[in-house]
Amino acid sequence: MNYTPTVGQILQAKGVSRRGFLKYCATTASLLALPPSMIPRIAEAIENARRPSVIWLSFQECTGCTESLTRSSSPTVEGLIFDAISLDYHHTLQAASGDQAEAARHAAMEENDGNYLVLVDGSIPMGNPGFSTIAGISNYDMLMETVAGAAAVVAIGSCAAFGGIPGANPNPTGAVSVKDLVTDKPVINVPGCPPIPMVITGVLAQFLTFGAIPDLDKHGRPLAFFGNTIHDRCYRRPFYEQGKFADTFDDEGAKAGWCLYKLGCKGPTTYNACATVKWNSGTSFPIESGHPCLGCSEPRFWDKGGFYQPLSTGHFGSGAKLAGAAVAGAALGVAAAAAGRRRQAKFTREA
Amino acid sequence: MTTVDGRHRLDREAERIAYKPPEARHDKQGDMSTDERVEHAMHHFVKNFNTQTASYLDGCVHCGMCADACHYHVRTDDPRYTPIWKIELFKRAYKREVGPFAFFYRLFGFKKKITIDQLEEWQHLLYDSCTVCGRCSLVCPMGIDIAGMVSMARHGMFKAGLIPHELHETAKRAAETGSPLGITPEKFEERLEWMADEHEVDIPLNIEKADVLAVMSSIEIQKYPESMAATAKILNAAGESWTFRSDGFEATNFGMLSGNTDWQKEASMKLINTAIKIGAKKLVLPECGHAYMAMRWMGANMYGKPLPFKVQHISEYIADALNEGRLKVKKVDKSVTFHDPCQVSRRGGATQAPRDILKHLGVDFREMPNGGDYNWCCGGGGGVVTIKRADELRHRVFKLKMDQVEATEAEELLSSCANCRQSFDDSQQHFGWDYTMGSLMEMVADNIEEQRS
Amino acid sequence: MDLLEFARGPALQTAAYILVAGTIWRIVGIVMLKEKADYSEPRGRGGFFAALKVIWTRAFTAEPFKKATMYPKMMAYVMHIGLFATIFLFTPHIVFFEGWMGFDWPGLPNSVIFFIGVATVISGVALLVRRMTSPVLKMISNFDDYFSWFVTMLPLITGLLIPVRVLFQYEDLLAIHILSVALLLIWLPFGKLGHAFLVFITRGTTGMVFERRGART
């Protein structure tokens, strides 16, 4: 077998400084809530990792998740970490196509049987196998075939994790999540539309470091990244407590950077690391740019009412139905009073 | 029904309406089976429910504040004397039979049927320990008129034959003879004549047509006959065309107090018909609290349409006459405090009249602490004064009244209710108290300034 | 459909229908009973304005009763004002009402609401303790009193727990909170909590009857 350089060697070759690499490891450690003493261990694990084989399957998706990982203007450590794995199959990124590509996938599966990772973005249509195929293979068949020999499966993005936008009401393709289908392998959900790149690589780094599945929440998300709500860590939280809210997108409150709760921010019910890791190399996150959180890392975020509808908005039902209830109440009242009067009359007669 | 006079002798000389203490109590009347009693009670509770009572019975939030307004509870700390508890059975009948959710209350048995034991227990609560003074109605944060409903609950109790012995006998006597004290028209005429002689006052009787029909309370006729003379002096001095009538003189209404609506109506109609017969423009009620409630506010409803004459309490009449200058009084150099009869002031709305009169009399008027409409009851209202077995409790609650009166340090204690007066007299005797209750009307009558014309 | 959606959707809707139907049922059931005509000659002015007057004045204690009823009254004031503030002046609630009615009003800072909420719960507990210890209240209380207390306190307590986040996550607590509100709305018209609307009838009736007599109200 060919010589496989370690991740550390590759990073070095790409011109990533030791200092920059350790900073990445420190950030990862803090995200994982690990003590600083673990930083060297993470660094060591990553540096010495032997480019694990990774097969990336893309089903009903928009490529946004891949874009999120790769569309950085300058190479980032997390991007390079990805370079450092042996990405043996990714039909957006790989040069090969057609039978050649499929052959690469099969080769990787055979060579690394039982050890490779499967990363999936996009949901799987169950309505009709023809809704989405790759090289004539339906998404379902490809998924099941590929995960058979995998060590673990990582569902990248909300489509793979929860069905996402393809699965939104009325779900014409019968889209389901990876977890709905893969029950005999560990599945780690890394939702988000798209997920934060640092979180994707962080999960991988954690897997490489400890060789084990991290602690997951009830939605299969690593608690290390999805343990807190956006609201909990939001820098605008003090305005919420003070009752200072932006009422519209261009009022004084919006300009002053007040809380976006009334504009429909889903921060309080959304678990993700946006408010701490942020986006675009730590530049900002949606709320910082003045837009309420959409709650994209939550199951069925597309179907939970309007994006601009405040969280506490409830549904008292239609006016017509309420009026109907009122009429019914009045009828019952009249009947009750009539019954009461009848009893009074009866008693008066008997008395 | 049992007869009255055969068994118990009327004690006319006692300080109050009373019989000799019954040798054996008969707090159950009639020969009904237990089931019949319960049924009658239920039926006559249920008859009373209307929109007003329904809202009251549905609206109670069980805050218990009415207990703090009730003299019985305040003086004994016995939770059973919580006013709203006194109408618990009445309330239960409502919830079970007539309320908006009565169907479910019956279906699931949320409110149990009333039992005879409960009714007997509640006799004590609805009669012995409630004077229908209505103080609780003022404290209620929901604005529920509890006192009014005690009166209604009594309708059921009466029909079930479950009212205190003496009250029943008194009411029955009133129904049979026209007066709770058995005062016949002849006796009335006789006593009027006596007073006319004694006080050298002209007392018109049985005039065919008059503007004002004056009526009396048996308590006054029997125990405070000066009231008759005082009434005459005042009406004469005011230059009124008035008369007493021997076919309609009794203002008290024991039908109302005992809970017998038929008797109540009978008593009221007697006065109403007499007033109409003589073409009276005004019916002047005596110094009697419940008579005011019975005629001023319930009379027209017994009649079934508005009365063709005005109804006034004597204190209202005097206040008007003084304010209009038809009557003049001399100044009285005394300090006076005034006990407001519950049914006239708190529940009747004629609180201002006695104060106007006292102003004309020029006395040093001393309002009792928390007096006026928030007055403590004398303890004898609602027929309670007739009930012997309630004496101890009545004297106990009277302590509140004594404190209230004593706080004023006034020389004279006046009121405008003969029933209050007899209950004060009785308690005074019991306690050996310094204060003797006087009549406001008599003070006016004693100080009329003869008009030069 | 997760719990929160169920709470916000069908649960709240059903509760609203039951609230409306039950309230009208009870009011109509009372109002349609026989009316007692009063033929007595009025002394004062009864009618609508007398009703309004007493609806307002009975919110306050008459001087002679102040001393005796001070404690429960104060607790009840804290309770009612606290409930009003937490329900109607908490911004997320205002947003809720705005979404329903189309207009909003200024709220209080959330931290202030939190303390009001705590005070309200304390007053509620104080009133419950009083109910369970006072001989009068022990005797006159029934299931309705305790259950009504419970369904009133539940939304308050679950609401207060949302920011504290003990035991449950935000959205679960929010769901439980809304479900507890639904329970409150369902129970409200049928039990003694009906005083929320019956108070206008009871005080109003007394106002009309006694103002008409010119008597003390």
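Order as written gives the chain letters A, B and C; numbering starts at 1 within each chain.
By definition in this document, a residue touches a chain if its C-beta (ideal position, glycine included) is under 8 Å from a C-beta of that chain, and two chains touch if they have at least 3 such contacts.
Source: prediction; values computed, not measured.
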Remotest chain, subunit C as reference, centres from CA atoms: A
Centre-most chain [mean C-alpha coordinates]: C
Length of the line joining the C-alpha centres of subunit B and subunit C, rounded to whole Å: 38
Centroid spacing, where centroids are CA-atom means, of subunit A and subunit C in whole angstrom: 42
Length of the line joining the C-alpha centres of subunit A and subunit B, rounded to whole Å: 80
Shared interface positions of subunit A, touching two or more other chains: 332-333, 336-337, 340-341, 344
Residues of subunit C engaged with two or more neighbouring chains: 25-26, 28-34
Touching two or more other chains - residues of subunit B: 49, 98-101
In the complex with subunit B, residue positions of subunit C that touch it: 25-26, 28-41, 43-44, 54, 58-59, 61-65, 68-69, 72-73, 76, 134-142, 144-145, 190, 192, 194-195, 198-199, 201-207, 209-210, 213-217
Interface residues, subunit B side, partner subunit C - complex: 49-52, 54-56, 58-65, 67-69, 73-74, 77, 79-80, 82, 84-85, 88, 98-101, 137-145, 296-301, 303-307, 310-311, 345-351, 370, 372-374
Touching residues on subunit B, where the partner in the complex is subunit A: 39-40, 42-44, 46-47, 49, 97-103, 159
Complex interface listing, subunit A residues touching subunit B: 332-333, 336-337, 339-341, 343-344, 347-348, 350-351
In the complex, subunit A residues that touch subunit C: 229, 231, 240-245, 261-262, 268-269, 299-300, 304, 309-317, 321-322, 324-326, 328-330, 332-334, 336-338, 340-341, 344
